[in-house]
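What follows is a pair of complexes built around subunit A, which joins subunit B in one and subunit C in the other.
Right, the complex of A and B next:
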């Protein structure tokens, strides 16, 4: 691997109270590769995503981006580093601020990082086209669109900073077949053109086989290397 | 006979003519009452000035008549006239005290809910401690310390009613903080301040505004209670509590009307506010019904 271009969870352990969810898990996502992650419900897949997205501090172990260890989480991570990893969550409803229109939802990360408004508008329009949000949907609020349409907006939001790593936590589980295929195609295109590292979590074995370069079984890797 | 039975009841006819659903009829009535009350208390000094300290000892305890709609009290003052001015004071105290309580509760709950951890635990124990004391007693204590005046009454009501607001804001913030959309905002590069102002507060503000509105009738009753106990405004000033208190004496001499007008005004106006606030609450979110028993 060329000069450590990867997102790495190194010997990560996380427990909630007395219950250990992740025990010494190591997972490496290289730039340009798609890693599939599977495992039974409750085995810590979502927790691993939160750790990798720098949203949850592991009890032990650390996360590093391209060889640089990141010791902070959440607000304490420098913005330039934080925006290099994006996450797409299972429930678009829960992941979207119900007060924002889809267009504002996509634009929010750019506005948060003080991007000039003209650049924001251009980038948002480009992404809305990419994920297939028609013009009439863009000004609607989350309650007025379907889960599939909302997940498209969330995908656009995840890509807005051109992250190097994209983590998809069962992001297509709640979608109908055509939306699922479209979302998967957009992510695959993005991964190819940007040489991004993608983590895909899904219970759908067919999708996992078709989509990922290699598959990691979290139940089997607990305490082992992957 | 058959003709009469076939005819729909009068109330139903009225409703269908005015296109009022049962809930809306009450809300429209409440809105009108409140409008009259607010307009009356704002315009009173212009159209019907009152000399607060004037007495007419030749007209004491006159029964309600066309010249004195609600009668006169035992100093010969027109009860209806003074009730309008009493309402003015009560509404002012109610609104300002509710606002003070909301701001205080919002700030305390906001700090506890945003910072969490030890700060949250300390602040909430303080809230619990204050909540453990009877708040009317605490209010009396505050007025007694500050000497009875308009400001003291507002402070007394405001300083004893922010606890529930603090709890609402805190719990709302704590539950919002862990939602995935906040994670998504952080991941997208938003700082603490941006998350607070753009994602957290806008979700809390409607509830806060509602809590304030529901608190106004409660604050009005407190002002009345304090004045009734002689701890509110100076006795010569017209306030609903003062008037009910004065009326007590008249009651024994047969002048039952002296307390009736101020008592009726307070019931009708606070009921109108409560009806409107309850309607707003139900439209906002059925989930908060349980949380907002003020």
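Right, the complex of A and C next:
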């Protein structure tokens, strides 16, 4: 199994204080597949995303990327490993530094890994085109754009390191139908060309059926606990 | 939907009905910025009857939230509002919400006659008061028993025990239900709900929508401002599609969803995941630089030279209105 190409949460348990949120949950996202994840509010979907995105250390169990176990979280994970997983969250406002222009927002992960400025500019322009941010929007800061436009910038930021795995936690819930279809189309194109593994979390059953290759119920994964 | 409307069922146009609760006529809102003017609402006219649930849908930034705030006089100081929005109230003189002034709005209109469920509950709640105190305060101000608080909480799907929490102790969904309870407490005859279901999961979305629907059965009217087309389809009597500050199509819900007449409405429906799942091509225009003609023309597959002139809102044979030079023929016309 060590050579398998997948992002794996293996028997992961997480609690906040005495409250157990995830209890021995296993979830596998293969390269090139789109996995839909559903479950009632508060069942731990977002916590599972935080664990998979290497943002939260599980109490038990571990995360592995293509068979390589990851024993650290956040910046303690080597750059080459942590940039292979990216996440897109529900609220772009909460996920964006309000002091940065959209173009700097997208460039931030590249600058954090000391990418040469010329390469940064080229990659950012390419991604801004891909997600459909028009030239007049790029120099604006988050307060001067709509949620839909800001989420497009966040999507560009998530793709900036060409991740092999993309985790979308209710990423289109607050978007209008057209922007939702656009964001989904960009992610689906990226998934095909990069053969990326994608996790989609949404309460919208119609969207889940349309978008994902297979659907996992988190309540069922976690056993009897609702 | 209510008994009062049955007599007018044969009248083809919605604008000629027995009892409009709210009649908006030529409403315009413009914001002055340092170096630009933002036209957020242009020449907007519509009527809402008692017992009607009107959904206003459109892409983000089309001006639908500004419409809600204009009706309540809650716009910032750099906004200029023109036109009329007359609110009729049984047993009281009609009030023009645009011209009557802040004093009148604060004393007689807001809360009691027009309620608002605001878009972001996090910024609408007083952070140093518990939900129960906020609710008791509202109930007392409107002459109701504070003991009604528990029942109001249950109505919106909130556990009465959670009323004793402070706003920062509530999840986004719980805060959303609390602001809904606060808006419902004075029992307003017109409720404006600005994205009341964001942050709620599906069962709670359905619960909230059913709650709004029930208000209409009791004779109140609801204006539901939403980006969620599925929600609009589920509860609305009529749907107004807004694009670049204007209403481009306003029709019965079923007619709109089965045979949209405006090319934009059609393209927006095609973006739904159970339809083509295809985004509307191109980008919406900037509200600072709206074209003189049809604002959708640059993205429209049906455009011709005529579209350089602004299309007027015209009645459709099957009822409703559309503002387009080349509407898609609907089943009703052929």
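Rule of thumb we're sticking to: the second predicted complex is superposed on the first by the 219 of 226 C-alpha atoms of A that agree within 3 Å, B and C clash if a C-alpha of one lies under 4 Å from a C-alpha of the other, contacts with A are read in each partner's own complex, and residues count from 1 in each chain.
One rule holds for everything that comes next: a residue touches a chain if its C-beta (ideal position, glycine included) is under 8 Å from a C-beta of that chain, and two chains touch if they have at least 3 such contacts.
In this text the structure is predicted, and so the values were computed from the model without any measurement.
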Side-by-side fit of subunit B and subunit C on subunit A, or clash: fit
Contacts of A:74 with subunit B and subunit C, given as first, second, both or neither: first
Would you check which partner chain A:99 touches, where first means subunit B only, second means subunit C only, and both and neither mean what they say? first
A:85 contacts which: subunit B (first), subunit C (second), both, neither? first
In the superposed arrangement, which partner chain does A:206 touch: subunit B (first), subunit C (second), both, or neither? second
State whether A:184 touches subunit B only (first), subunit C only (second), both chains, or neither. second
Nearest approach of subunit B to subunit C by C-alpha atoms in the superposition, in Å, rounded to an integer. 10
Overlap of the subunit B and subunit C footprints on subunit A, residue-wise? none
Enumerate the contact residues on subunit A facing subunit B in the complex. 50, 53-55, 74-75, 79, 82-83, 85-87, 89, 91, 94-97, 99, 108-109, 112-113, 154, 157, 160-161
Where on subunit A does subunit C make contact in their complex? 40-41, 132, 134, 136, 146-149, 173-182, 184-185, 203-207, 209-211
In the complex of these two chains, what residues of subunit B are touching subunit A? 179-181, 183-192, 194, 198-199, 202-203
Can you tell me which positions in subunit C touch subunit A when the two form their complex? 58-61, 173, 198, 201-202, 204-205, 227, 229-230, 267-269, 271-274, 277-280, 283, 286
